[in-house]
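Structure, as structure tokens:
In order of appearance the chains are A, B, C and D, and numbering begins at 1 in each one.
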Amino acid sequence: MTGRPALEIRGLTVALPGTGDVLRDVDLTVAAGECLAVVGESGAGKSVLARTLLGLTQDDRHARVIARTFEVAGRDVRTLPRRDWRALRGVDVSLVLQDALQSLDPLRTTEAEVGETLAIRRVPAHERRTRVLEALHAAGLPDAAARLRQRSDDLSGGMRQRVLIASALVGGAPLLVADEPTTALDSTVAARILDLLGRLRDEGRSLVLITHDLDVVARVADRVAVLDQGRIVETGPVAEVLGSARHVVTRALIAAAPHGPKATAPAGPGPELITARDLVRRYRAPGGGSVAAVDGVGVSVHAGETVGIVGESGSGKSTLARLLVGAERPDEGTVSTSAPPPRIRLIPQDPFATFDPRWTVGRILRTSTRTADTPEALLAQVGLAADLVRRRPATLSGGQRQRVAIARALAADPDLLICDEPVSALDVTTQAGILDLLVRLQADRGLAVVFISHDLAVVRKVSDRVIVMRDGRIVEEGATERVFAAPEHPFTRELIRAGGGG
Amino acid sequence: MHRALFTPRGRILSVLAVGTAAALALAACAAPDAPAAQDGGTLVYASGDAEPTCLDPHVGGNYPQALISTQYLEPLVGRDADGEITPWLATDWTVSDDGLTWDFTLRDDVTFTDGTPLDADAVKVNIEHLQNPDTGSSTGYLAVAKVAEVEAVDATHARFHLSAPDSALLESLSQQWTAIESPAGIARGTDENCAAPIGTGPFLVDEWVPQQQVTLVRNDDYNTPDAGTENDGPAHLNTIEWRFIPDAATRWAALQSGEVNVIDNPQPDAIVAAEQSDDIAHIDAPRPGSSNRIELNSGQAPFDDVRVREAFIRAADPEPGIESLYLGTVTRSTSPLASTEPVAISDDALFETDAAAAAALLDEAGWTEDASGVRSKDGKPLTVRFPVSTNQSVAAEQSLFEQIQANAAAVGFDVVLTPMDLSSWYGALGANEYEAVSAPYTKVGPDVLRILYHSDGIVPAPSGYFANHAQLSDPALDALLDAASATSDADERADLYAQAQEIILASYTVLPLYDQQNHFLTRGVTGVRTLGTVATPTFVDARLDG
Amino acid sequence: MSNPVAAPSLRAAFARLRPAGVVALVVVLAILVAAVWPGLIAPGDPLAIAPTDALAPPSLAHLFGTDESGRDIFTRVVHGTAPSVGIGLAATGIGIGAGLVLGFASGLGPKALDAALGRVIEVLFALPTLVMALLLVAVMGPGTGAAVLAIGAATAPGYARILRARVRAVAGSGYVEYARLEGTRRTRVFLRHIAPNTLWPLVGVATLGIGQAIVWVSALSFLGFGTLPPSPEWGAMLNAGRVYISTAWWMTIFPGLAIVVTATALTVLGRTAAGGGRR
Amino acid sequence: MRIARWALARIGSALLVVWVVTTIVFFALRASGDPLEAILGGPGSQAGEEAVAVARETYGLDQPLLWQYLLLLGRVGTLQLGDSYARRQPVIDLIAAQLPSTLLLATLALALAWALALCGAIIARTSRGPAGRAVTASLRGAEIVATVMPQFWLGAVLILVFASTLGVLPATSSGADPAGLVLPVVTLAIPIAGFLAQIMRDSLAEADAAPFAVTARARGASDTRLLLHHTLRHASLPALALSGWAYGSLLSGAVVVETLFARPGLGRLLIDGAMQRDVPLVIGAVVVVALVYVVVLVIGDALELLVDPRLRRRTRTIVRQADVAVGA
């Protein structure tokens, strides 16, 4: 480590028009070759912090950015004019955003995007290409030369993220700000990207890693700062903070992260409610022909049990959910139910889309009610206040919406809930609340639940039995803890490894 | 003062500096000395009339065709400002005592622009062309209806055999719709002849780009000027660009900005502006034939009752509107004939406005007024359907109709003005779906009365068209008109037509308004005059300013 | 994920009203007053002629001047509100009515019907409004009724297109699927979800459409197929005034302004009601 | 494969255009009015029995309606548009003579509209501070007013100012005369410019807020570079997609503008034809207008591919249909 910190901030306060202080009195130091993680829930001010580090917030004349100290690579940037900030970006400090599909200009080639920092500095074209290729290699993009003329549409999610990282590396910036760089990725891919970031740090780059995921922090960061409502509430070495958190927010964050097995024991297998055999569902492929999203899958669900289905994006788990709930018909195979047929209800990933936007919560619940329950009573069951009945879904938070969706499902007095990624769009503490609610309801009411998620830790937390899917097929299935303890299929093993094992 | 604004900027500044008096002086200085007229050049004519679908006025036969064909076709005889028939392609003519045989002597030194000589056979071919149903002639066809046969006595003598005496024959033959064309041109067939008729005129059709313009170029061998022409050789202009600008405001703007040299159908305000302007000249050339008038359909209720007709005419009160709308550019008429017709008579007393009298007449006729303000009789409202052909009526005239509508409403008429395209308008007339209509008819001479008011004119032609919109059916009138048409004595003829006009006016089927307006505004050109026949402009003497 | 159709509450719509929206609302209210009680604003008779007072420039006696027959243009513009806006309303009503039939048939019918109707709607939409309107007017002859029908028919494909897209969006939405999964019958799903969520956004579109329809009808007037004289309908007035534009600009300017102001206000309001489509 | 399917779809829509247009026009014009009358020069004509018979024969008018329709459909489908009833000239010649003039007018107007819209969007984008907000607000207002402005009124005012009063520009226009084209092109372009500017301003703001724009800034891109290399391309895509429709709307406007500026063209031909109930001419004009639209769509597709190489056919968005709703 060299003496001078890559980033030194004291007393940073940022106010945006209309929202007031987004960051308050923030202190941060990043040493050269160090990775500092900034964690916090959504709305904590993480993204504003990332943008402020590159002077992007300052571009908005209505934003107020003040700090006692604000040095990038030893240079005081507090009163830096726009022009000089621009000169800094890309070569002294660079940014990697989440969701590379949106963060790479879809109309421009890899070469143009990665080389832009150089093009702005008028680096000659031939030199530019050499350096672009170097950066792509450094970012671990396979077959870099062939990718130069491709655009983000032609690349997989992991490749896009590597291209984005390459575009941050190409100018040789010693300080890299990465804002949720792995959030949109499958866990196995995310693991590899984190490895890459770790390697870059080891090569001497300084890293500010902004994330909501403590797991990510534990993997790459040296130190961590916990951001809550614009303030840094706790900061220190990763092991220290995660191991013995002092601040209540930190402790809540750690507690909320799903880990460990399901708390309640399975209540003995009940009668079979629904059985699917040899399901095949094909979709027309973009280039002609068809792909089987679900390819010969058999599942049966018994009363009172929770079956977890886990897999990466494109593994066919959501299609399977739709087949089970009857939203789609299988091309082959059968779905049979017990007699009388069980009542099946869906908990969708995006509950908002399943609410008629003109309706109040009360009307939504009343319309779905098959029992004597009032909307208020239903809301109480999912831990919501009764006065929500007059609100419209658009005015609710994500967690509230998901709870309303659960209340709506309960209103039908269901036998089986199919939960399709019910928590993947939620903050970690909200997610924990919903998961607890589901587990509790399942236990109280003896519901059968099919729980679909890409997140192994979440599935483990709620499931009695787990099914691992890949490319439309089941690769492994068994009692949850058995699978975690002794995975048989290599893919399961990779998943567990990538997911950090919780 | 107004014109000073159009002088270059530097002048305006000095104008403002030295005040009004000096401004006037400067403006006068700025006005160029009378520019030396020059030979050659291209004159641009902008017509507001519809673009003809055929340049041969034999086919159909409307005023737009007459306008343009004046430049390349010429009739057998001309007519001067006093209504006297003058020699043109025919130098002399005689009529037999029974009025059934006419001998025309033709000039012997004339060739059409295709080289075909003008002779008696050519005249024969032309009359036959007009009478051939396949030609589709309407105006010319009626004009020569009484010609049974044309006999080519020798090369320069054509003898017309008539089926009945026709005192209007010379007038009919002076019109552009019966102009003489090259027989070789006619022989090419309708399509080709429509595109470029071949005549003896000062110009010839060079190119017709439909919707855009007709290009007319000088006939260098021209030798047939009419009696009113000063020039005795080919025209001074090289070319006439004949353009179609249907919108009056645009046409006027084009003249003001110098894009065009001549426009027709100007709005009254443009005429007034032109009168006050130094560099725009105004030619007022009312069309011959009928006056512009509103005719009331006496063939059906409610105007089958003369009291109701008189009530309408007493209530209409067009005079203030004529004065204000036309800004003093027209004069009220109380004659069925144009003021240019020497035999026209007027009767102001018949058309004096008297709303009280009108109301009394309606009361007397049994039309009672109720709260709605519209009178009714036997449950039927006093509705007057008034279809207006937008193609034949300028804006000021439509405004005048609106004022008449308002004035008639005051005594309980419900006048329904309906602007229509020409085809729908003919349709409405043919179906008798009108109580009032304004249909100017252009024809040289008082014989137009026979076409418009003879009971024969009620019987529709095979196409459904009829000319007697008043649906006057009066045996006494018919007799007068027939007699006038047959007599060859000028005084007797004038007397017969005077009697006929008195009957027509007293029938209260006609509300005369004013002469058929026909104005031309010119700029940057001198020597433009209109013919004494159907008042179309000729450019034989025209010269562009240098 | 966002909802296919933005939450439509009146309160939300009012909340979206920016200053421009408030001004537009006031203008539209004033227009409504002028349409319903024109005498309140301009007590005169719009048809009263005074040939001696023709073509007078704007003055205190005649705020907007007088026309070629001496009629007061201010009075005529105010009294022209009802026919002008009425024409816009009627044409839009016809357009939306026809659009509804096509749009619902296509959006809810069997796939083959949708494919066929969808194409036909696209083709009809491809025909420029005025071209199509001219055809129909040429057949029916001039007059208000024909102009209204023609503009209505010519704008119908546009509405059908929107409706079809909306119906499809709503029919494919999460809440419709959820209702089906709950076992709700088709007619009930239609009445409860599809119809209201399709029709409500149409209010904004229709508001926009009325403004446009007024302009279209006045264009027909210009081409000689307009409203019958002496109605003070704005398009007809404007058309009549254009002849006098070089000497009496007020005859053209004021009815033209009435059209522009009305159409602008309706457009601003329509945009707001349409769900603040522009972020 | 993809190209072939695309070409098939476009050819299919061209054929559909022909069918729909022929059907509408044919039945609409027969519904009232007598085509025979128009052929023979209107109700004032004195045509004899023989001429009537010949016309019936020539135009197949003695056949049953259905047969006339099929005959016509076949002819139009093969672009044998026949002869104009009123003008007695081949329709295809009449149209061919007028089409270039209208296409020139519409194309120039579209180009001007694009230029104005781009300027408007860029000015709105680059205006900052209170003055900038005022500029943006007035641009918004101008856009809306431009969109609803009646073209014949705008044109009349322009003539009044520039031709009658100032005398700097001619009031009439024909062919490719540059001075004469100025006023018609401006008149035609302004409403479309307002429409395109709204779309462009919105999509520019959208692109500006997109993550890739943040990324580009984070690389040190200036506002100008961001605009030229990133956001403007994105912003032009929706406008490009709607330009085909806009072109149709310009042809609509050409009907008015050509009448106003006495400019020869397809629009005036159409008006004349409609007034004279000249069935072949009207069908021809409308079919050609519709086919021009198809061709413009093809060009638009190609341009979109050029700007957006993703080859991903986005569904022509529901977004902004509010504006499109009200027709061309």
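Some points to look at:
As a working rule, contacts are C-beta pairs under 8 Å (C-beta built on N, C-alpha and C of every residue); 3 or more make two chains touch, one makes a residue touch a chain.
This one's a predicted model, so the numbers in the text were calculated from it and none came from an experiment.
Between the interfaces C-D and B-D, more contacting C-beta pairs are found at C-D. Chain centres here are means of the Cα atoms, and by that rule the chain farthest away from chain B is A.
Centre-to-centre, using mean CA coordinates, chain C is 21 Å away from chain D.
If you average the Cα atoms of chain B and of chain D, the two centres end up 39 Å apart. With centres set at the average Cα position, the gap from chain A to chain B is 86 Å. Rounded to a whole number, the gap between the C-alpha centres of chain B and chain C is 43 angstrom.
Shared interface positions of chain B, defined as residues touching 2 or more other chains, are 249, 252-253, 421. Contacts with at least two other chains are made by no residue of chain A.
Multi-chain contact residues of chain C, defined as those touching 2 or more other chains: 141, 242, 245-246. Pairwise, the chains that make contact are A-C, A-D, B-C, B-D, C-D. Contacts from chain A toward chain D in the complex involve residues 51, 54, 56, 59, 61, 86-91, 94-95, 97-99, 102-108, 112, 116-117, 120-121, 151, 153, 164, 167-168, 171, 288. Taken in their complex, chain B has these residues touching chain D: 6, 46, 51, 53-54, 59-60, 133-134, 136-138, 141, 190-191, 194, 209-213, 243-247, 249-254, 256-260, 421-423, 426-427, 429-430, 461-465. Contact residues on chain C toward chain A in their complex (touch as defined above): 1, 3-9, 173-175, 177-178, 180-182, 192-193, 196-197, 200. Interface residues of chain C, counted against chain D in their complex, comprise 20, 119-120, 122-132, 134-141, 154-155, 157-159, 161-162, 165-166, 169, 204-205, 208-209, 211-213, 215-216, 218-219, 222-223, 235, 238-239, 242, 245-246, 249, 252-253, 256, 259-260, 263-264, 267-268, 270-271, 274, 277-279. Contacts from chain D toward chain B in the complex involve residues 33, 37-38, 40-51, 54, 86-89, 94, 97-98, 156, 159-160, 163-164, 167, 169-172, 174-175, 259-262, 264-265, 268-269, 272, 275-277.
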